[in-house]
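Naming follows writing order (A, B, C and D), and every chain is counted from residue 1.
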Amino acid sequence: MARAKSRDEEGVSGSSVSPRLTMPGPAFRPGDRPDFSEVDTFAPGACRRPQVNEPAESMSELATGLVRVLDDEGRASGPWDPHLDAPTLRAGLRAMMLTREFDRQMMIDQRQSKASFYMQCTGEEAIACAFHSALRPGDMNFPTYRQQGLLVAAGYPLELMMSQVYSNETDPLRGRQMPVFYSAREYGFFSISGNLATQFVQGVGWAMACALRGESSIAASWIGDGATSETDFFSALVMASTYRAPVILNVVNNQWAISTSESVARGLAPTFAARGRGFGIASLRVDGNDYLAVHGAAAWAAERARTNGGPTLIEWVTYRAAAHSSSDDPSGYRPGDEAAAWPFGDPIERLTRHLLRTGGANEADVEALREEVVRDVRAAQVEAQSHGTLKQGPAPSPREIFEDVFKEMPESLASQEREAGY
Amino acid sequence: MARAKSRDEEGVSGSSVSPRLTMPGPAFRPGDRPDFSEVDTFAPGACRRPQVNEPAESMSELATGLVRVLDDEGRASGPWDPHLDAPTLRAGLRAMMLTREFDRQMMIDQRQSKASFYMQCTGEEAIACAFHSALRPGDMNFPTYRQQGLLVAAGYPLELMMSQVYSNETDPLRGRQMPVFYSAREYGFFSISGNLATQFVQGVGWAMACALRGESSIAASWIGDGATSETDFFSALVMASTYRAPVILNVVNNQWAISTSESVARGLAPTFAARGRGFGIASLRVDGNDYLAVHGAAAWAAERARTNGGPTLIEWVTYRAAAHSSSDDPSGYRPGDEAAAWPFGDPIERLTRHLLRTGGANEADVEALREEVVRDVRAAQVEAQSHGTLKQGPAPSPREIFEDVFKEMPESLASQEREAGY
Amino acid sequence: MVQAIRDAHAVMMERDESVVVFGEDVGYFGGVFRCTQGLQQRFGENRCFDTPITESGIVGAAVGMAAYGLRPCVEIQFADYMYPAYDQIVSEAARLRYRSAGDFTAPLTIRMPVGGGIFGGQTHSQSPEALFTHVAGLTTVMPSNPYDAKGLLISAIEDDDPVIFLEPKRLYNGPFDGRHDTGLMPWSRHELSDVPEGYYHVPLGSAAIRRPGSDVTVIAYGTMVHVALAAVHDTGVDAEVIDLRTLIPLDLTTIIDSVSKTGRCIVVHEATLTSGFGAELTALVQQHAFYHLAAPIERVTGYDTPYPHSHEWSYFPGPERIAKALIRVMQA
Amino acid sequence: MVQAIRDAHAVMMERDESVVVFGEDVGYFGGVFRCTQGLQQRFGENRCFDTPITESGIVGAAVGMAAYGLRPCVEIQFADYMYPAYDQIVSEAARLRYRSAGDFTAPLTIRMPVGGGIFGGQTHSQSPEALFTHVAGLTTVMPSNPYDAKGLLISAIEDDDPVIFLEPKRLYNGPFDGRHDTGLMPWSRHELSDVPEGYYHVPLGSAAIRRPGSDVTVIAYGTMVHVALAAVHDTGVDAEVIDLRTLIPLDLTTIIDSVSKTGRCIVVHEATLTSGFGAELTALVQQHAFYHLAAPIERVTGYDTPYPHSHEWSYFPGPERIAKALIRVMQA
C-alpha cells in the first residue's frame, strides 16, 4: 500500500546494466514526514459487486481495486453497502469500542507486570468485529493474535479473556499459553499458534471437513501481510483451490510486519489480493477501516462459500496504529505520526460519523457507549483480577505443566510429575 | 491442460446446495479413449512478443495463451521465432536425439540390473535442449531429475552420466546418489535433490548472489507441474518477486505427477503460468514440444533477467510420454495411447519436419544423425561399463560412505569408519 | 504387510465415518506402495482422495479436519519427504491439545514408509523416528510384521492424539533379516503374517518379546527386529530380543525387566547413530538398570552419514555387525 | 552477548566480501534482539537486508548463495520458527557436499535464539538442538558467554560447511544462573564478557572446563552452564563443570577424561528430556567410561511437555533440581 521506495525509484529498466537486487522498504522511516497523498484511496461505492456465484476470472479487477462503502463524511454508498439497521450498527460500534478499551486496559496491566506480554489491534477493530457479524454460529475462525475483536464481538466473556492474559487461576488455558493466544471453540475461535501461518491451511482443512460432511458451515482463515510469505499461506491457497473449499482467506494488511514494511512481503505484486489470482480464487481488496465495507465483503464471501462457490481471498487494507506488541517500540523504524497521516482514518470514528449522520445514534448514545465499555472492561478486570494476575494471587497449579500433553498421561510423564513434586 | 473432469462437470454453481468438495482428476483413465480435441492448441505465431523490459502487468495474457512457433507441418512463424541458423538447429536436433537414445539405452540397462533405477524424459527433450542453447557459460540451472537434456546439450561426457547411473568406479558422485541425480557445476547443472522443489528457491538464491556481486550471470530453476504445490515453489516466487532476482522459473507441465493429473496441483487456476501473476512476475506459457518456441522464450527471459528486468516464470506445456520412472507402470492410471493422442506431437519429429521443410537438413542428414547418436551412446556405454555397473565390476570404495559429510572428517565419523573396517 | 495396512484402513473406514484417507497418489492409484489400494473404489472419493504434492498442506489440512472432528489418516510418500510437514506436526498437531487445554485436539494418523534396502539413496531410505520421539505430544509407532501393522494402525486411527506411524518399506512384501543377497521370502511363510479379518487391535505402548533369552537383551524395532534375530541365531548367543512396536510411549517395564535379568544390552536401529532413538534407550537402560549392567550398552546403527545409494549394504547395520556387537558385549 | 554477536558479524563482513547477512527485521531495524544492529548502515543494503517472513525462503536462498560462493549468515527470529526451514537445512544444506561429492558446498551459518526464561511460552522458548545433532552434516554450536559467542560465530562463518548457531536468548543481556527472582546481572560483571576487539576465534569442536573438580562431572551448554555452576556452588560438591560450546563435533576427549577421573556424571539441558542431546551424551559416557562409573548418569532437563508460559519457572531445570541430582549422584 505504502509506496515501496526502491521499486518506484528503479522501475523495470531495460538498459543494458547488469542485474542488481531491488531492496524494497517502506515509504517513510523515522525522520521522514509521512505523506500518503500518492496512495490511491479509490472512491467509496465505485467497485462492482459481482453475483456470489460468478467465476473468479470475471472479477479480477477487484483484487487491485478497493471495496469501500463509507466516505470521509460518513456517507454510505454503492453495491457493497450491507444496509444494516441501526441497532446492528450500534452493536458493531460497541464491539469495536469494547475491543479498543479492552486493549487499552490490558496494555496498562501489562506495563504493570500483571501480564507478561500483550498485543493490541488498534485501528483494525472493524475487520474482526464486522467480519464476525457476517458469520453464523458453527463457523470457525482460524485467527492470528490480532483478531481479539472476533471474540469480543462474539460476546466471549471479557473476564475470561483477561484471565488468559493474566495466566491466572481461571485462565481457560491453564497458564500454558502466552497472553492473547486464546482458544474458544464454542465461540468459533480456533486456538492461536505462535507460529505464523500454520492456521491458514488448517482453516482450509476445517472447511474441507464441513464440505465432506455436507454441512453448510464454513471456515475463515486469518493472516497478516508479513506472514503471507510463509509457506503455509501457499499450502492453504493450493488446498483451497484444488478442492474448492468453503473458506474465506483473510489477509490483514496493516502495512507492517514488526519493523518490516508490507512491500517486502508483497514484492512486485500490486496488492496481496492479487496473490489469489494465480489460483483462480475470487479475490477482493477491501477498506478494512470501513465497518460497512467489511461486513458487506464478508457476507458476500460467506454466502459464496456456503453455496458451493468456493474460497474467497480478501485483503483488508488497514494500518497497525499501535506497536507490534508490548515488546516493540516502533519509533525505531517508522515515523511517529504515520498512523495519523494514514488516509483511511479510524474505523471507530468512521462508523460513529456514519451513525450520527444517518441518525442511527446521537452524541449522547455514543457517549453512553463510551462509558459503558469502560465500565464493562473495568468490571471484568475486577472480576478477573480477583483470580490473580501473572505474579500475584491465585494461579493455575504447576501440575498443569503435565496435563493435556496426551489425553492420557503416559507413565514417563507421570514419573516426571512425581519427581517434580508439585 | 487436460480437461479437469470434476471442474468442468460441476462449474461454479450458485444454487443453494450446501458445499461439497471438488475432486479434480484427469480427463481420461484406463479404459477411456483419450480425446484432446477440446484442448485449445492456439495458433503458432499468434502470441505477441513483448519487449524484454516491459512490465509484467502489461503481458498477463501470455500466462494463459501459448507461445508457439512451429506448426504441425514444420513451418515457423511469428515474433517468437528465434531464427536460428541450420547448423544450430541441427545441433539442437542432435542433442534431442542423443538424449532420447541415452534414455532408451539406460532404461534397458536398468532392466538388466546394471542400474538400480532410471528416469526418462521422453517427449520433453526440446525443453532442456533448447533452453540450454539460450544460456551462457556461467549461468546455473537448478534442475529436477527430468532435465538430463541440459547436460547432454552442454556436452557433458555421456560416459560420466552413465557412470553415475551405474554407480561405478568412475561415478563422479562416488556411488552416493541414485541414478540420474547428477551434479556438474562446470556445466551449469546444480546437484539434484530427491526432495521436490527445494532447488527452486536455491536457484533464486544463486541468482541473488549473481546480482549482489554485480555479475550478469543468471540462474534457472526447474520444477514439475506436480511439485509446484510444494512450499518451496512459493518461497522461490516470494524471494524472486521481493528482490527482483535474475532468475528464470521453469515449470515443466508434462500433465502428470506420477499417477496424479496436473489438474490436482493446478486447482482452479487456468494454467501454471497464471501462478506468476499474483507475484508481479512476467509469466509465459510456451509449447514445450516446439524447439523454436522454447529457444525463443528462454532467450527472451534470459535477456530480461540479464538486463535487470527481473524474474520470468515459464510454463512449458508438454507430455510425459514414458513412465514416471523405472519403478512406475502408467497403465494403472492412464490410457496406454494417451501420449499418441497428445495434440502437440513429438519434439524431435517436429524439429525434423522443420529442418526438412526449410532445407536445413535432408533425409540423409537425419538418418546420419540417428546413426551417430546410437554410435555415441554405444561407445560411451562400452567405456562406462568398463568401469563397472551397479552389481558388477569395479565400484567406488565403501570408504566413500564416510567422505564429504564434512570438509574434514570429525573424529566420531573416523572412528565409525575404523570400526567398519573398509 | 501391505495387505494388512490396507485392511486396517478398510476396517476403520467401515466402522467410523469420520475416518478419511488422503495423500499423494493415494486415491485412484492406491499409493506408490499400494497401501491404500481399493479404498477409493470402495468408499468413494470423499473418503479417500489424491492430494497435490504438498506435505505441509496434507498435514495442515488434516490438523484442521481432525480439530473439526474427523479422523484423517494421511500418507507421506516417503518419510524422507516429511520435512515440509514437520512444522505442522511439531508445532501444531503435537501441541494443539496442550495449548488449547483440550478445547481442540488432533486425532490424526500420519503414515510414512521408512528405512533402506531398496537402493533408494539418501531420499528414499531415512529413518527419522528420533525427530518425532523428541517431540512432546507425539505417539510414534513402528511395526515389524503384518499382524502388528494392522493392529497398531487400528489403534493409531482410534487414538485421540496424533500418531506417527512408520512403516519399514523393506518389510512391505516380506520379512527381511538383512541378508540382501539371498532370495526374497514372502510374508506367507512367516508366523506373524497371519492377520485376522476384521477388527482387532494391538495396544500402543506395549513391546513384544520376539525371542526370550537370558544372556543379553537386544532392543530393536521395525526391520531390525528380523535382522537382530538373524544375528542372534548366527552367534548362538542366548539373547532376549525385544520388538518395541511403539517407541513413544515406551514400554520401559519390559525393557528394564529384561536387562535386569540379562545384565547386558544392545540397541539396534537403522537410523544414524548420533542422537538416534538408541541414545534415549541407552540412557534409560543405564539409568534404570545401572546396577545390573555387566558391560557397556552397545548401539548398532546406521553410520552418521546420509544413506548412500550403491553402498547401501555396506551402510546397513546388518546381522554381521550385530553379531560382532553381541560377541563383544558377551566378552566384556 | 548481543554486542559480541554484532562484533563477530562486523569483523567477518569487513574481512570477507562474500559474507552477507539477512533475515526477518535484521536489516534496517537490526533484529528483534538487536544482534545485527548497525550492520546495514555500515555495510549497505547489499550486505545486510530484511527478508520476507519465510524461513524456508531465507535458508533456501542462502543455500543457493552459499553454493555460488557467498557466505550467508542468516537469522531465524526464534529457534521455534526454524521448522519451515528444516527441510532446507536437513535435506539440502547438510547433504549438499556429500551428495555432489564436493561439487557444491553450503558454507552458511544459521543463527537462532533458543531457550526460555523470558515468558515466551511454547513458541519463544524452545531448545531444538537435538533436531540438528541427529542430522549428519551439520555442525551445532551453543555459546554460553560473550567471548565464546564472538569467537565461535567467527569460526562458524569461516567454516566451509553449514553451522547451526544457537544463542541462548536468556544470556543476551547478562549471565543467568537460574535464579529468576533475583535481579538481572549485566555481562560487564562477568569474567567472560571481556571481548577482544577485531578478529579472533574459538575453534569449533572444543569444550571448556568452567570449573575443575574431582567428584562428579557436569556436562552443560548455553544457559545451563551458569545454572550448573550455581548448583555446584550451592551444594558444595566438588564438581567439574564442562561447557560443551560445540555439540557437533563433540569434544568427547574432554568429557571422557573428566568422567574417568570423577566416576560420576550429570548431563544438563533445557530441552525436553526424551531424545534430547543429553541422551546422546549419556550413551557416549556410559560407552566410553563404563568401568569408571560409580553411579548412573543422571539427566536434568526440561520436562517432556511444551514450554508452558506462566509455569516457566516450575518448568525450567533450575539450580535446585540440579543440586538434588548432584546430591543423589554423590550418594549413589
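What we mean here is this: contacts are C-beta pairs under 8 Å (C-beta built on N, C-alpha and C of every residue); 3 or more make two chains touch, one makes a residue touch a chain.
Just so we're clear, the structure is a prediction, and the values are computed from it rather than from any experiment.
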Would you identify the chain whose Cα-based centre sits farthest away from the centre of chain C? A
Considering only C-beta pairs in contact, identify the chain pair with the most of them. A-B
As a quick test, compute the distance in whole Å between the mean CA positions of chain A and chain B. 41
List the centre-to-centre spacing of chain A and chain D in whole Å, with centres computed as mean CA coordinates. 35
Computed distance of Cα centres, chain D from chain C, in Å: 31
Using the touch definition from the top, which residues of chain C touch two or more other chains? 46, 51-52, 54, 56-57, 80, 83-84, 87, 91, 95, 98-99, 122-123, 136-137, 248, 274, 304-306
Quick one: which residues in chain B touch 2 or more of the other chains? 20-21, 23, 176-177, 181, 193-195, 207-208, 210, 212, 229, 231-232, 235, 238, 242, 264-265, 267, 405, 412
Complex contacts: residues of chain D adjacent to chain B: 20, 46, 51-52, 54, 56-57, 60-70, 84, 87-88, 91-92, 96-105, 136-137, 139, 160-161, 205, 248-250, 252
Complex interface listing, chain D residues touching chain C: 80, 83-84, 86-87, 90-91, 95, 98-99, 122-123, 130-131, 133-137, 248, 271-272, 274-280, 282-283, 286-288, 290, 293, 295-299, 304-306
With touch defined as at the start, can you tell me which chain C residues reach chain B in the complex? 24-25, 27-29, 32, 45-46, 49-57, 80-81, 83-84, 119-124, 273-274, 303-306, 308-311, 314-315
Would you mind writing out the residues of chain A in touch with chain C in their complex? 140, 142, 172-174, 176-177, 181, 183-185, 190-191, 193-195, 198, 201-210, 212-213, 219, 231-232, 235-236, 238-239, 242, 404-407, 410-412
Contacting residues of chain A [partner chain B, same complex]: 12-24, 51-57, 207-208, 210-212, 214-216, 218, 229, 231-235, 238, 240-246, 264-270, 274-281, 305-310
